[in-house]
Structures are given as C-alpha cells and as structure tokens.
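Here the structure is laid out as structure tokens; the discussion comes afterwards.
In this document, chain identifiers A, B, C and D correspond to the written order of the chains, with residue numbering beginning at 1 in each.
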C-alpha cells in the first residue's frame, strides 16, 4: 500500500517552539535558570510563578503566590471533586487516576468562576475608564448581573460560608503587601453594590475565594488562564490526600455518603510563631 | 415500584471519618490549623507536607520538600505526559482536561518507579539487618535485579541524562541538611554495585530523580504513597504551562512531533543571589 | 469536636431519583427491561439508544444508530485524542488511563462541533418558520457565520477530507430509511449557501461527520446532549485499540511523531455480502 | 542557543507502524474495509470486534459480542465509577470530563478482575494439561486461592447479587451458540470447588460478570487485554447516561448520597418479541 498521504502534509506543520524549559543531556534550564540551582534556593510557589510567567516573582508576589496556593489546598471531604477522587479510590484505582478524576470534577459551578469573574471585572474597569467612579461602574455591573439572572455572580457568594475566610485573608495579605489595586478595589465596590441592590435584599453575596484570586491575579498582572491554572494546581494535594486517606482508612467498594462523615483529626491549634 | 433495596444495606456502611480538614461555616481547619492563619505564614510546600502527613515540617524538611517539588516541576516539551497534555490542548480542550490527560500519562515507565524503587530499598535494608554490610546487601540486590531482567532497575538510569542533575542536587541538599540516612546510603551502594556488576559493563545506571525521591522520602519517614503523590503534585504546574503555551502559541489541531521543536526561551542565566 | 455542621444541611438535599436502571439482588432492569432478557435479543447500539432515550428504537432508527456509532469508531493514528491515548500507553499506563486521556483530547476543535452545529441549525429553522424558504434561511445563516468569522462553521469542512465519506454515507442511509427531514434539509441548504458565498470562493466546506450526526439526531428527535455523547461512545473502541497496539508493537517511552508512521495492515477489501 | 540536542536522537525513533486504520483524503479503511461500506452493513459490536481483533466476527461470535457489551452497559446509580461521573456532572463539567472521571473509577475492585481471573483460569488449564481432570485442577486452584487469602477470587462473588443474572445469561448464550469450551468449563468447575471448600462454607461465590466475560473471551480466542477493553467500552454509555440525567434532573453542586435515591422509571416490562 502506498505511503500514507498524511506524511508530507503533517510534516510541514511540525516545526514548533517552546520557551519554557531547555533540555540537553545532564542539563535542565527552567526559563533559563538551571533547575538544579533553583532547587534549594526557591520555593515551589516561586518556581510555579517562574514557569507560568517567565520570571521569578518579587518577594511580595512570591508570598502572595504561596498564600493563594495554600488558600485552596483543601476544602474538606464533601466538595464534588473530592468525592469523585474518593469514589475512584474506593475501587482500588491508582493515585494518578484518583487525582485526575478529581480534577475532572472542576466545572463551571466549582473552581470555574475565575475566568468569568475576571471578565466581569474587566467590563467594570472599562466602564470606569469612561470617566465614571468605581462605585458607579460597580452599580452598573450589578444591575446587568441581576437583569441577566447571573446570581450569584461569578466570584461572589458561597454555598456554605457567609464570609469566606480565605477570601478575607487573601485580600488582607494583598493589602499588607501593597499589591491591591483597581481589580481588588472593583470587586470590593461590586460586593457593596450587590449588597445594596433592591432585588438582592436578604441575599449574602460576599467575595469568595474565586473572586479574590481573580482580582489579585488581575492586580499583579497575571493573565486569566494563570488564575485558572493556579486553582487546579493548588487543589491537587488535597485530592491526593483524600485518595490516600480513603484507601488507608476505609474498606474497598463502599457507598460514600458525602454527609455521613465525622471529623476526627486534631482540634483547633495555633500556627507556631516561628513561621514567617 | 418498591423502594430500592440498596437503601438499608448501603446506609449501614456510610458512617466514616476524615482527619484532614474540618469545615464549619466561615471556618476551615487544615489538620487543626485555621487555613486563613496558615496563609501568609507557611509556604505551599509546607502546607502540602502538613496535609499529607499531619504535621508542619521542621525547617530542614520544609526546604527538602521544596527542593523535591521544584526538581520535578517540568522536564521540557517531550515527555509523554506533556505530549498527552499538549494533544488535548490542541483540540481546544479546557485547562483541567489537559492537566488530567497529562497526569494519566504517568505510567510504570514514567514517574512510576518510586513505589518499586522504595520496595527494592526496603528489601536491601532487610538483608543488611541480618548482619551484612550495606555494600554486600546492595551486591545481592543488584544480582537479583540482573537475574530478574529488571534492568534498568526502578530509580536508576535515564533515557536522556547520563547523570541526572536533579538527583545529584537533591542528594546533596539532603546531605547538607543532614537528613540522608540508610535509605540514601543504600541507593548509593546499589548504584556502585550496579556499576561493578559484570553483566552491566558499558551500561550507565546512575540514580535518577525517582530513585533520589524514593530514598529521601524513606529517610525522612514519609510513606511510599506520599512519594508517589509528590511526583504527581510537582508536575502539575509543568503540564498546565505546556497546555497554556500550546493554546497561546500554536494553531489548533496540529500534528505535534515531539522531536520537531526548538527552544526559543531565555539563554542560561544565574539564579539571583538574594534567594535563600 | 462537635459533629460536623455540614451533616444536617447536606442530608436535606440527598433525596434524589433516577429512571435509568433498577437494581435489586439478582435483578437488573434497564429502563424497565430485564437486562438478562435484553442480552442476546438487542444489539449494543439498540441498548445504547434505550439507555439514553428511554425506549428501544424502531428497526430503522436502530440501523441508523449502528451506522452513526460505526462511522466514528476510529480515524487512524494521528488525531490528537488518539495521540493523547498513545502517549499515555507508551509510559505503561493502564488501559482505562489511556482511554480516559484520549477522551480528554476531545475539544471544541475535535468532536466538539455537534452542539454548536445543532444550535446553528435550530437558528436556521427558526428563521424558516417565519415564512422564509430553507434556502433563504441558509443564506442568512451563512452570512452571519462569515460576519462572525466562524469559518469553518461547526459541522462543515475537514482538515483532511474534501468530501467526508462518513458524512456522505450517513446522510444516504438516513435518506434510504426515510428519516431525513428538516434538519438534514437545512444542513444541505447551508452547505450550498456556503459554497455560493462570495467571501468563501476557493474554500471547500462540505458537511462533515459532526454536521451529519447533528442533523440526523435532530431529525430523529434526539436531544443535542445525546449526539454529543454518541461521538464519545463511538470513539472509545478506537482509543482502546490504539492503546493496545502501542503497548503490543512499540517499545516503551518512545517519542511519537504523528506523521512518522506507515500503515501495514490489510489492503483494501470488500465487506462480505452476507452482512445485512 | 544551539539546536535542541533531543532532535537527532528522538528522530531516529519515530518510524512506526499501525495496522488498524488507513486514511487518505476521502477514504478510510478499517482493517482494510472501507468505513463507509461497513456503515449500514455491520453492527457496532461487530465493528468493535473487527477493530480489536482484525477480522469481522462470525454471526455467532457477533451475537456473543453484543451480549457481552449489553451485559455491562449499566449497573444503576451507585457503583463508584457512576458516582465519580455524577460528582463531576454536578459541578457543571463537560460530558467528556464526566465520562473520563467515570472510567477512572474502574479499579482492581471494580471492572478490574478480568485480567486476574483469566490468569487463574490459565493456571488451572495448565494443571489440567498435566493429565488431571478439570475438577481436580479446580480443587487445586481453589486451595491456592484460600491459602493466598484471595477471597473472593477474581471473577467470583458479588457485593450485591447472590447469583449474577448477567453471568448466568452470558454463559447460557455461549452454550446455545456452542462456543463454551475449556475456559468456561474451568470456571464452572472452580465455582463448584469453591462451594465445596471447607474454609468457605457459608460463603456464596458464584461466577460474576467479570468471570463470565473472562472465560468466554478465553474460549473464543480473544486476548486478555481485549476482555479488559470490552468492559470499559461497554460501560461508557451508562456513565454518559448518568451524567446527562444528573445535569437534567438535579440542581448543581448537590451532595450526592449513593444510598439516598429512589428509582422512578418504568416498572418491569417484557422485551418485544420481534427482536432477534
């Protein structure tokens, strides 16, 4: 049979380029830095920033990265992605299969609000640039959201928390590090506008962790896709921990009721002072 | 139709427990620590260690965690998991789908050697505990590996590097931090035994990154499953970065030849001194 | 520590219902039919239709289901989902991991056009219902597609075939079975309108398999999500076959160039006549 | 920077071959048969057999394929893979993400017994070939399984059914079609040996669907990996149906209790007689 005609056509398309990592025998450069020199000198969060953006972060941005990554590392046993990972684990599936199943449990209603929230902020800031105050721009965006029935809006409200402690702390850290600018100011303005909107009386729609991450990533100049990636990266340890716990503590092939569990870990304790 | 008979049977099995994360409205405790207090105080690597093991690491172990996580963050454009992620990305798949596809590209020949390597080390140390020297135990294990045709052995050799710079540096850091004990000593002994084995003359079988991670996790008391999880966690940023680059730089639906690319990122540069 | 407060809240939400499959010990009813009675009496394609729609298909619709499922079963070694599956396979990953990686390689540019194409047809038919001819409605939709830069439109054109043999045959079978109605007529009208559009001279934009499946599913009353599911279901055997071949014929950890292969299977042969 | 040194090395490895599907513009050959000629002439089950084995099945084997594929198409709402798919669906994930998450929920305790069961049968048949009766060989294998603590053995017993109706019917169909030979005879002999074993009194360990599929695939000459693939292929429609039902009938982000549902579909009904 004649040579497959896909060959010449496809071949023409195969020259491509990457600027992430250079490899030659016994040498690995991550964005130009020798990987073995980075080891022991930068934290994982700084290396993640370097890989996703092309440069090492400033110390402030590095601390912010760590705070964002820590904030989303786990949210207990019941979120659907965690249940997906545990349902894979109970059949004896591999760690990688459980983690992948968990990641596939991110959808537009879970961990998927960052891109949409960023878009709303961009729209609000565009309105503000026409000469309006952030408060007026936020009122306008709130009105659009109500009219479109887009309530809760992406980045606001939480099915469980009335005040998302991760969002509060993340915005506080950004403020301390003086990296909160117009994106953060706009989400705060939008939170107020939603609280004052006549159609939303009785609703509690505080900034949630997706909204805080979207705003802060905007203020520090990270593209929307990076914010999206950060949420996935940060939750992988949580998915792995639940898969490991499922296989270590429970018997195989059990029916997993997300509301049938108790917490039997350590009671509340203080973070040791020696930590930076 | 009568109520489904699965109900009573399954219900009996649903009480279960978790000791990872406690959630109540407006409060999240990670292994007992308020998550918002951890934010800004611990690095992501420390939080990963806390979640996977139950305690915050000592400063030395914290630095080792970061070094292990950084070491495996990316290995260029060509490893099969990266190609799996890029092939998903070229069809316009979502970030989460690309990352999950990449994780599924970990198999026994890629990122899968940690568990098997740990088992070989445990066998070697068991022999040593019968009164033999580590060198003699390593010679015995090398002989078994050759007889079983298990060459390259898990944790040794690399299809590309003759001296894996990540493994060298990781073992050096462990030594500086004084956490290298019998597991590390045994993999070094096994590396020598393999080099001296008559049947392996002409083969280069240095300790690779899987072997170094397996040994160090053994020495610091981490269970084998944690080492397995660490490799997956550490590569997720790399998979995300390649998926993003594919969608940003290349046209959709291209045939991706793993050997058809050039690197066009920054040339080699030094890690700034200010870093710890 | 007090019982987890998620319990009562979550419990209230847990009553739910399914009308797909009833299970009791030693009995399984698929949409009401005993599964063991279906075995040996219905084809897999008929059982798929039953499960997805609630009823067994008529003989004509059953044959159409089989034709749709067969049409998309494989498309050679190079499509990105197949490459994702093969890249997982070369690392020694499990069959289920390879197949899942392949499915994740479906994106908006591959196997993802069915939903968008159905929407365009629905818009065209809505225009026709205002009293216009299908030809005029198609001309209007073609104009919108050109203005929106949505070229090639979902369901039209193919990166490889100038005349997709699967689409041609599927539409022919639908015609023979007399199940081609306004959806099919509209995609044909749109194909003509695209061919006549001044801005698209020199472009070849024939109905492709996604477009044919979208139209026929519309004409036989299947919801858009079912068409989406059918494409995934139908390709799983192809992904499995490529993963098996990769692990049987090739050495592990190879760099897989999608344009570097030759076909060495049987030369062209006729389908035996005895088949229905 | 010098050209990436991976290029020449990798390039040498890229010539490879496939014998599954030949593609040229406007032509697709599946194992040599024009795909468009197969459409309308062969059932999906026959096309799956053709793709996985290289030849069209005989009419008997074709019917057996359909029976195996139908047997595993769904098993209600509660199996862990189905729960994984539903947990992805409740977050608004895409159909392909839900199905992939479900497939990742196959593990050694679910859908993973086929390979291990086939191995036990092969061992039993090897014993029989030394001159022993199948009954004696089965008694020996049963003894080994009890000693190894491998109870329930792969392919036997079910957490829910005391007599798996799918296995019973599949073995009956194989008998009617006269394709049940030594593999099937051995699993029957092993079922009896397990029932008579003194250490297993009070246990019910009937042949389950995994065991029946493993045996029949052995008797008709299918490699073990094909049996493994068949179970995955056959369940994909079930996973898709549950994901669709979850998104159509339930509200997003719900806690899904596997034992909290009722069946509200059609009551038991007879399969229409006109079916072959």
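Throughout what follows, a contact is a pair of C-beta atoms (placed from the backbone, for glycine too) under 8 Å apart; a residue touches a chain by one contact, two chains touch by 3 or more.
It should be emphasised that the depicted structure is a prediction, and the values quoted were computed from it without experimental measurement.
Visitor: Could you say what rotation angle superposes chain C on its sequence twin chain D, using C-alpha positions and rounding to the nearest 5°?
Guide: 180
Visitor: Chain A-chain B contact: same residues or different, taking over half shared as same?
Guide: same
Visitor: By mean C-alpha position, what chain is farthest away from chain D?
Guide: A
Visitor: Which listed pair, A-D, A-B or C-D, reproduces B-C with over half its contact pairs identical?
Guide: Most of the contact pairs in B-C are shared with A-D.
Visitor: For chain A and chain B, let me know how many angstrom lie between their CA-based centres, rounded off.
Guide: So the centre of chain A lies 22 Å away from the centre of chain B.
Visitor: Can you give the whole-Å distance between the Cα centres of chain B and chain D?
Guide: That pair's centroid distance is 32 Å.
Visitor: Can you tell me which residues of chain A touch two or more of the remaining chains?
Guide: As it turns out, chain A has residues touching two or more other chains at 1, 4, 6, 10-11, 14, 22-23, 25, 76, 78, 94, 96-97, 100-101, 104, 106, 160, 255-263, 267.
Visitor: Just say which it is for the chain contacts: an open line, a closed ring, a star, complete, or other.
Guide: Shape of the chain contacts: complete, all pairs touching.
Visitor: Please name which positions on chain D make contact with chain A in the complex.
Guide: 1, 4-6, 22-25, 78, 80-81, 83-84, 87-94, 97-98, 100-101, 104-112, 159, 252-253, 255-260
Visitor: For the complex, give me every residue of chain C touching chain A.
Guide: 1, 3-4, 6-7, 9-11, 14, 76, 78, 94, 96-97, 100, 104, 160, 257-264, 267
Visitor: Could you list, by residue number, the parts of chain A that touch chain B in their complex?
Guide: Against chain B, the touching part of chain A is residues 6, 10-11, 13-23, 25-45, 47-48, 51-52, 54, 56, 63, 65-67, 69-71, 73-78, 95-97, 99-101, 103-104, 106, 160-166, 168-170, 173, 176, 225-226, 228-229, 232-234, 236-238, 240-242, 244-245, 247-250, 254-257, 260-272, 275-276.
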